[in-house]
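Two complexes are shown next, each including chain A; its partner changes from chain B in the first to chain C in the second.
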Partner chain A sequence: MKGAILKVTENVANPIINFLEKGLDKKCFDAVLIPVKVPVGNSFAWVLIQNKSLLEDANPLPPVMPVQGAKALSSITRMGKTNKKIAAIMRPCEVRAAVELSKLEQVNLENIFLISIDCPGVLPLKDYLERPEEAMDKFNEILLGACPERSRRAQNDIEWGNESTRPACQVCDKFVGTDLGFCQSDLHIGILGTKDKNIFLIPNNEKGKSILNKMDIEAEKSMDNWEKKAKELMEVRKKKKKEVQERLKFKVMGIDNLLDVFSNCINCHNCRSACPICYCRQCYFESEKMKLPSDDYLMRAKSKGALRFLPDTLLFHLGRMTHMSLSCVGCGACEDACPMSIDVAQIFSFVADNSQGLFNYIPGKNAEEPLSLRIYKEDEFHEVET
Partner chain B sequence: MVEKIGVYVCECGPNIADNVDIDKVMETISSLPGVEVVERHKLLCSQNGKKFLKESIQEHGLTRIVVAACSPKQHEVTFMKVCEEAGINPYLFQLTNIREQCAWIITDKELATERAIRYIRAALRRVPFHRDLAKKEIETNPDVLVIGGGIAGMEASLLLAGGDRKIYLIEKTDVLGGKVKELDKLLPRMESSLNIISQKIQEVEQSEDIKVYTKSEVEEVLGFLGNFVVKVKIGENKELELRVGAIVVATGFSMFDLKQLPRYGYGQYDNVYTALEFEKMNIDGKILLKDGKPPKSIGIIHCVGREERGYCSGVCCMYCLKFANYIKSKLPDADVSEFYQELSIPGKAHQKFYEDTKAKGVNFIRYDEVEVMDKGIKYKTESGEEKTSSVDMVVLAPAIEPSGDTGKLAEMLRVSQGDGGFFQEEHPKLAPVSTSMEGIFIAGCTQGPKNIPESIVQAQAVAGRILSSLIPGKKLELEVKTSEISEALCIGCQTCLEVCTYGAIYFDEMKRVSVVNEVLCRGCGNCVGSCPSGAASVKHFTTTQLHQEVVEALR
Partner chain C sequence: MKDEFAPKIVGFLCNWCTYAAADLAGTSKLKMPPSLAVIRVMCSSRVDPVLVLRAFLRGADGVLVAGCHPGDCHYEKGNYYARRRFALLKSVIETLGLDSERLQLSWIGASEGPRFQQVVTEFTDKIKKLGQNPMQKKTSL
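Up next, the complex of A and B:
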């Protein structure tokens, strides 16, 4: 693997911003889609920037993910390709969701330059908003965990995806935007394994190479250090994921356990709104089809003894699960959005890992790979035949 | 509006009455909301029963009908006709199956009765959500496109060309006649192949209704039975658009590529020929070795590529016997050996042909394994003995394969390929010349290896199918239960376009939604099943209708 090395001046964001400014200058792209800290309050929002000077306020690696990047990109390109070239700086799970949405015609990638970045995980939105400054410090510590020499604390003390990040991030094994992470960005920015004060630029395809070329950035340096560190961390995560899912399995096994898990649900459907893959114009569970006459409920109450209201809570989650499971990128946005702190992301990505495994499909890995349910194979799943 | 629903329970002679307590069913159902009338009848599908049903519908001024009887496969159409005669839209009726799915399979009468009530309740819950659906008809084009100018394609063209329709015959090569033209004689009568095929070619060329395009290939096919639009490429750069009502595929076959099996020595040793090369030699009049001398001993090897292809081509045994006859008549002293694995000689005239051939002194050697060497054939017998036979000429009978462009054509026509890569017929026994695409037919070796009379039979069958279904001036009734896609719900992901086997959905770029072409749609429901947004639904099987029915059935 070959790439370029950029020097870090003040912080990791700095060389990235400089790179983007240069890209705008050289007309490699005409606009940049990037998270920016909102002027009032502490949160971050996706901003489409054409004016170079505004890039100063951008943060390519914010500590939280209030809106999944693929959703932002979808709202820009849903009606077709953009006439100008846009560079979108996103986390790998956001890139994967964007690629997945492109297969569903909800994102058009034609004039989009996807830049992914090594993801240290994000903090739960609630934790961050409670004590933003403290959380920001914590996040920066995690970030510096990538280059322990720069950390104020002792080496190995802080790991990426540690317990202060969201549960989904703690077990994420696709946190890099190259083939290693099954991610198809055009250019990946590596932060892992930089002993000095550097970041890595790794082109994933010709598009990435040509832009580096245009910017006179030579991409012939070895990326072995980055790769080694990424692989190490990946192994750790895989192990952790296995442990977590092994525990989770018993928590959600069977209808009674599922009812328990989702018993706190208040039917706000925030999980669905935050999900980048849930893109239906109208959710079935809000359609007329789910509105039944009172007699129906009385009859159901009679046959079951009692009926909980709002009704069909579990059906909603299972319905959503069947709908988006094969495309779920495990980003954790749903869990962040849940006001009742239900482990919805963990459950959904656990199921997703299994359903995707059946089709040997990894969502967002490759824009050319067809969606599993769109291809017909005569010879498969004989176990479901009777 | 409150519906007035009539429920009719059929006894079906003893079939239902014996195992379902119909009085109890009627008593329970009559108290349900919306039920205007409940009646029973001994045999609703009888003349008497249909009359009774019609009069009862009219008498009570019903707006919805539920018939509890047999499988919809059996009598749905029967009762829909009665509804029509009674002046009610036939789609406002529901046939609920209390025979196959109830009386016949549940032995306990009480349980069967309870189940019958449950099914009728489900139907009662469904029918208020039924909608009037109207029949639609479209004009059809009686003209036919025939792809392939071999014996099957020509035969079909000749039968179809009857003055009131035009036949377009597309041939890839520059001449008509196909593979039959490359044969010397036809068994069992050993008549000249050329005479027969030339006569057919002449008839085709003289027909005013058949337009032949040689050096032509089909480029694109759109549409459906009655209305196909076909793009044809003629020669290098001419293009033609044809409008036809049916398409006949008669693209014939290719021979198994012998280069794949070096053990037969083809291309490696002199005097190893394929069956068609041997035919050519006979057409030219002389069986000669490369050095110009007549061969003294000839080995004919059957079953070449049979194992690799996984099927018996069925025709090789007979033509190999024919080859022995070619040789015996030209070179009476030559030694002829037939190396076979299995002999396949069915047919009323073939046994005699075999015996006559054998009587001419032809050797029949059954082999387990065979290998061609320079001037010899090494083989292993059934008992495992290794033997060598010295021959100075070898003729190979390679397996029959689908012709090279079958895959491309299959994709274009949206017809699948079945065993061996041949075109898949609609049903191997009951519908061997039609395909899953209405209006597209297959004849001859494009459907599978076969001999000339079998190809002719298929060509004639295809002609019969087309003549009886595509009648000039007659309109075609379209599927009523087509799919529709809600503009309000469609998010434009275009999944439906990929799963539609009829090419019946297109994408409206302006509105960014998928749209169903009702002329092409057959209402299979693929799009409904795959639509992630629930925007697609099939008329008469809407989500609401099914949901209501299932909810009630499960209550």
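Up next, the complex of A and C:
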């Protein structure tokens, strides 16, 4: 693996912003889609920047994910390819979701330059909004965990994906935007294993290489340090994921457990609205099909003795699992959006891992690979036939 | 005398093969349990997993999805897609520890009246052994 090395001046964001400014100058791209701290309040929003001077306020690695990046990219490109080139700086799960959405024709990647960045995880939105400053400090500590020399504490103290990040992030093993993380960005920004206060620019394909060329950035340096650290961390995460899912099984398996887990659900459908993969204009669960005459409910109440309202909560969640689990990138946006703090992301990605394993499919890995339900083999799955 | 448990099974039958087979079984006066409530669909691939789930969670003791044999689909490849969707549904159901035995996918051609009789009889027997779908008594469903 080869790439370029950029010097860090003040913080990790600096060389990235400089790089983007240079890209705009050299007309490598005409606009940049990047998170920016909102002027009033503490949250972050996606902003499409054409004026170079506004890049100063951008933060390529915000501590939270209020809107999944693929959703932002989808709003720009769902009508077709853009006439100007846009560089989108996103976390690997956002890039993978964007690739999935391109298969669903909700994103057009033709004039998009996807830049991924090593992701230390994000903090739960609720934690951050309660105490933004404290949370920001915590996040910076985690971020610095990647660069031991600059860390105020011992390295092991603040490993990436520690318990202050979201549960989905803690078990994410696809936090890098190269083949290693099954992610297909054009250029990846590495911040792991950067001992000498550097960041790494790793082109993943010809598009990435040509842009670096155009900017006179030579990408011939060895990326071994980054790769070693990324692999190390990946192993830790894989192990942790296994443990967590093993525990989760006992919590969710079986109808009584499932009903318990979802008993707090208020049917707000926020998980679906925040999900980058759920794009349908008309969701089955909002359709006329779910509106039933009172007799139907009275009949059910009669045979059961009683019927909880709003009804069909489990149908919504299980139905959504069958609809989106093959493309679920495990970004955790659903859990951030849940006002009742249900472990939706963990349950969904547990189910998704099995669904994806069934078809040997990794969402977001390859834009050319068709969705599993759009293809078939004549000779397969005989075990489900009777 | 205690009433014997009579399972209620929802059957999604494809218009071109299995529905015709059901018709044939009827006109041939083949005997089978009256357990199947038939929903005719144009193709087995029309059956979104959510429809099966809805029947299952509302307390159907069994759900049968049936269509043309692979290679015989009226729309050439619908049943291959149906098989993938069904496999996905089974995986979700099994992952969550629910009773996937109550869901069945079968291929029954238009001329196979006796096979229709056999599938319905055997599936009904299987469901009888499993007993009533516990979902029927869950008040929060």
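Following the convention adopted for this analysis, the second predicted complex is superposed on the first by the 386 of 386 C-alpha atoms of A that agree within 3 Å, B and C clash if a C-alpha of one lies under 4 Å from a C-alpha of the other, contacts with A are read in each partner's own complex, and residues count from 1 in each chain.
In this section, a contact is a pair of C-beta atoms (placed from the backbone, for glycine too) under 8 Å apart; a residue touches a chain by one contact, two chains touch by 3 or more.
In this text the structure is predicted, and so the values were computed from the model without any measurement.
Which of the two partners, first being chain B and second being chain C, lies in contact with A:K214: first, second, both, or neither?
Neither partner.
For A:S303, is the partner it touches chain B (first), chain C (second), both, or none of the two (neither)?
both
A:L373 contacts which: chain B (first), chain C (second), both, neither?
both
Can A:M79 be said to touch chain B (first), chain C (second), both, or neither?
first
Please indicate which partner A:H323 is in contact with in the superposed arrangement: first for chain B, second for chain C, both, or neither.
A:H323 sits against chain B and chain C alike.
With both complexes superposed on chain A, which partner does A:Q106 reach: first (chain B), second (chain C), both or neither?
first
When the two structures are overlaid on chain A, which partner does A:L259 contact: first (chain B), second (chain C), both, or neither?
Touch partner of A:L259: chain C, not chain B.
Who wins on chain A residues touched, chain B or chain C?
After superposition, C is the partner touching more of chain A.
Between chain B and chain C, whom does A:K228 touch in the aligned arrangement: first, second, both, or neither?
In the superposed model, A:K228 contacts neither chain B nor chain C.
According to the stated criteria, A:K238 is in contact with first (chain B), second (chain C), both, or neither; which is it?
In the superposition, A:K238 touches no partner, neither chain B nor chain C.
For chain A, give the residues common to its interface with chain B and its interface with chain C.
After superposing on chain A, chain A residues 284, 300, 303, 323, 373, 376 contact both chain B and chain C.
Could you list, by residue number, the parts of chain A that touch chain C in their complex?
Chain A reaches chain C through residues 249, 252-255, 257-259, 263, 284, 300, 303-308, 311-315, 318-319, 321-323, 325-326, 350-351, 354-355, 358-359, 372-373, 376-378, 380-381, 384-386.
State the interface residues of chain C toward chain A in the complex, per the touch definition above.
Contacts found on chain C: 48-50, 53-54, 57-59, 70-71, 77, 80-81, 83-98, 104-107, 119, 123, 134-141.
Which residues, counting only chain A, touch chain B once they are in their complex?
79, 104-106, 279-282, 284, 287-289, 292, 296, 299-300, 303, 323, 370-371, 373-374, 376
Can you list the residues on chain B that touch chain A in the complex?
Those residues of chain B that touch chain A are 488-495, 498-499, 512, 530, 532-535, 543-544, 547, 551, 555.
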